[in-house]
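I'd like to ask you about the structure that follows.
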């Protein structure tokens, strides 16, 4: 995640630089061609450092150095070498090189003090550019500077995200408050949720256990957290009906949380004595070993009902098909878009994407959770409005709307 | 203590994570890196809990002579051989003969074979579920068949099938995936919000 | 001795003989890999002792594998190596001169708190560690999903419905774009929870589910290819690497 | 239970057995079958694109995968390279995958010498192709190459300055080449679309794994002009260049498997519809 953010910041930076460079290089090229076309024999001229710009929307430690150089020399310069020091008469350190014909350099310094490439923020920096010609002659520029870099307090490219967060917060708080006041909120039925009671009842009648699989997500995956809530409701019912429950886990932290959830559910149902940590146990955290283990549990314990709710990858179909072969009722749900088709095909009920998150509100009927559900619907309404308005705007050739929605990272 | 501290901790940590997204300063990035590092380390501690649970369940089965208890011995054997070969001092880089060979000649083949079972299960699932029971099921069946038939040489019809397959993948496929993704985005945000503000607290248990 | 038992002994004998012959002819390691492959495949017929053996071995060995990996690749360099570098210098010499980072005591403490759950009295304290992990990613997910799954997708759907190409108006592409636009809107309608699916709204939701079903069928159909490739890969191992029948 | 009900309730193990026999058989006798692969527009457009280039024109091929996806993606890489070498189209190679460099370097040499023996060409490094190596931060590199290859790659994989390679002379950025084909197994596909095509608008085509393919169809026609998905796409390409290799060898097994599945779906449906009808008439 961190890497990705960093990368995106880099990308914006380079895009800026690149465009500036191109504009610059092109304007140079146009004027130069007509002036001199023959190879000059005089020694190459000095590069002239023009500016050092701090890169916006970052943590500092980056500077774009621009210099000028007569374009007629483009062909005879092999490269420019870039040097930096913290004082004009200090020790200049070689940073890197730019090919001939390129007149800017992005100096990405280190933010670590002990790194030789350390580049302090808000302090004077001095640069030197050496032009190296084909014949091996090196010409040093005058020292450029002082330039400074600094970190920013807010990333301006992320304004749409900030607006989104704030709007969504307002919606959620508003609907939760109105739900608390006792305002009745309608929610449409979800087949997968309505089947939960029936599925538990069936297992009880048959005297067979219930298998609850939380998937291969970690305790912090949203799908897993949604699944914990459902597990709580299921476990409470199971405890009331005195049916057996098996929860094999992939992630040890998920196991710990699931143990807490199931234990509290049994307590709430008034049957703490029925709970033991062996109901919720760890299998292994290797994807296919986990599946092999669950397959074994299925064909040996023959559960009447299987729940697969959480984060799933390729194993989804192996589980669902094995579960089907033992004749279990299967209720599945995941936010992994590539696996939804397999659950839809092989299970009796499937909660598609967002329905999995909504399930906790359905099962609990807690006004707080229902309020949040209403806020989600408003989010969808906004998405629809934005799309429709955006399409209309594009039809009339008004691109500013689309530009606004672009998140610059 | 039992509930307030964790809830406060969730709020503070998650708020920090949101803020650091918008503020590109060094000090925040420094903290952010620490937080991510810590999460991973705590995760490894948790593995001990996992191993304990595996041992506990397997040992329990053996002790009680539960059904198939003999196989639990196999599990524990695999566990201990792998742990011992993975932990012998001086072999810290994991370049240990037993460890490596167990990985390449035991774990890898089983894993690849488990994965390849999907070829069979995808066939049986198609056979069983691709039935024209209702309009929706027929649509599923139809789209699936078109995509699969693009493999099958059928003379001039093949081109039509290939074009239709391409269209399905380009148009309805795109529309549906976008709608699902937008929904997931909203749901995930809402859940994250509920966790942040302690509305969703099932993961903390109840007592 | 009944017939079933007799049969299982015969099979066992065959497996053992084949195993020994294979070791003699093809070598130990490839034989182990091949027999484990066959054991797993046997699950397709039904559950049996050979599958049980492979399954249990796989579970135990893989759990320990990740444990060792986690210890050497995370605990040693990221925890001990940062807390007190000389402690792990023998294993990871590169870390020797790094400064000690006392802040790494925090994950150590949280990790130990997590282990407290094995005690029945102080188990509740492990939730502090859980809260830390859940909190970290909740905040992270909030902005991540908003950006990539919400704003980005809306932005992608904002396009011109009316399409032209070199020869003027492009009817086919225009129809396709209209379908995409309508499909996204109807798909979103399907996911509405707090409004009854009736009337025009209900029609939209039904259209939405139609588009979803077509997509699910198509994705399912396309994945067949990738899964068959996996099977062919295993065939290659069994008949090529092991038996040497195909090159 | 009548025959139709039996068809509906067929034990899935028959499906397994049949599939196993068919796939094994097709793979064993893969050389005795010739599968007539139907070529699709999205693959053909890449073939036509290369075929319509003049000898001496240049394209960039980015091999963004590592040995773990080699089996699925190498066949298409080979097919495209063979076509280029045969046509005399010059190839600038790059990889944005951390563990890809060694593999790509080897692939170039291997396919180059194969082309030499098959088409009697003399594929030469620096003239007919070059490999400029790997740099981290793929999105960054894609944008940088849009300005000048030399920003990130002052020297090639073998440390020769780019300007010393005949093929790179006069090549500054995407404007000086005919197009880009990215063969990728991961997120770089998105980056090529977002940072490459969206910003620099060069012709872009993608080669991806079978599981990824459905996600990139939506880009066809706007951001990318062609798409090769998994073995099927590679086999189509091999057919187009008339040069059958690994992907074609896998096709009999693929076709047989797909046919088997379609066949069972038909059996299931016929049984289902007829048994429903016979029940109705029975009532």
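Residue numbering begins at 1 within each chain, and the chains themselves are lettered A, B, C and D in the order written.
Keep this in mind: contacts are C-beta pairs under 8 Å (C-beta built on N, C-alpha and C of every residue); 3 or more make two chains touch, one makes a residue touch a chain.
Just so it is clear, the model here is predicted, and its values are computed rather than measured.
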item	value
Any chain in contact with subunit B as well as subunit C	A, D
Comparison of A-C and A-B (more C-beta pairs in contact)	A-B
Cα-centroid distance, subunit A relative to subunit C, in whole angstrom	17
Subunit A-subunit D separation of Cα centroids, rounded to whole Å	28
For subunit C paired with subunit D, centre-to-centre distance based on mean C-alpha positions, whole Å	24
Set of subunit B residues in contact with two or more other chains	18, 21, 36, 39, 42-43, 46-51, 54, 68, 107, 110-111, 114-115, 117-120, 122-124, 126, 128, 130, 140-141, 144-145, 148, 151, 165, 169-170, 173-174, 177, 180-184, 186, 188-189, 191-193, 195, 203-205, 207
Sites on subunit D at which at least two other chains make contact	12, 16, 23, 211, 213-214, 221, 232, 254, 257-258, 261
Per-residue overlap in subunit A, given as positions that touch at least 2 other chains	1, 158, 161, 165, 168, 218-220, 222, 225, 253, 256-257, 260, 282-286, 288-289, 292, 300, 338, 340, 342, 344-345, 352-354, 358, 373, 376, 379-380, 383
Touching residues (chain side subunit B, partner subunit A) in the complex	18, 21-26, 29, 32-33, 36, 39, 42-43, 46-51, 53-54, 56-57, 60, 67-68, 107, 110-111, 114-115, 117-118, 121-122, 124-126, 128-130, 140, 177, 180-184, 186-195, 199-200, 202-207
Complex contact set, residues of subunit C against subunit A	40, 43, 46-47, 51-52, 54-56, 58-60, 62-63, 65-66, 114, 117, 126-127, 130, 133-134, 136-138, 140-147, 150-152, 154-155, 157-162, 181, 184-185, 188-189, 191-197, 212-213, 215-217, 219-220, 223
Residue ranges of subunit A in contact with subunit C within the complex	1, 158, 160-161, 164-165, 168, 185-188, 190, 218-222, 225, 253, 256-257, 259-260, 282-286, 288-290, 292-293, 295-296, 299-300, 338, 340-342, 344-345, 352-355, 358, 373-374, 376-377, 379-380, 383-384, 386-388, 390-391, 393-395, 401-402, 405-407, 409
For the subunit A and subunit D complex, residues of the former touching the latter	7-8, 10-11, 14-15, 18, 21-22, 78-79, 97-99, 101-102, 325, 338
Of subunit B, residues touching subunit C in the complex	2, 5-7, 9-18, 21, 34-52, 54, 58, 68, 71-72, 74-83, 86-87, 90, 92-94, 99, 101-120, 122-123, 126, 130, 136-137, 139-148, 151, 165, 167-186, 188-189, 191-193, 195-196, 203-205, 207
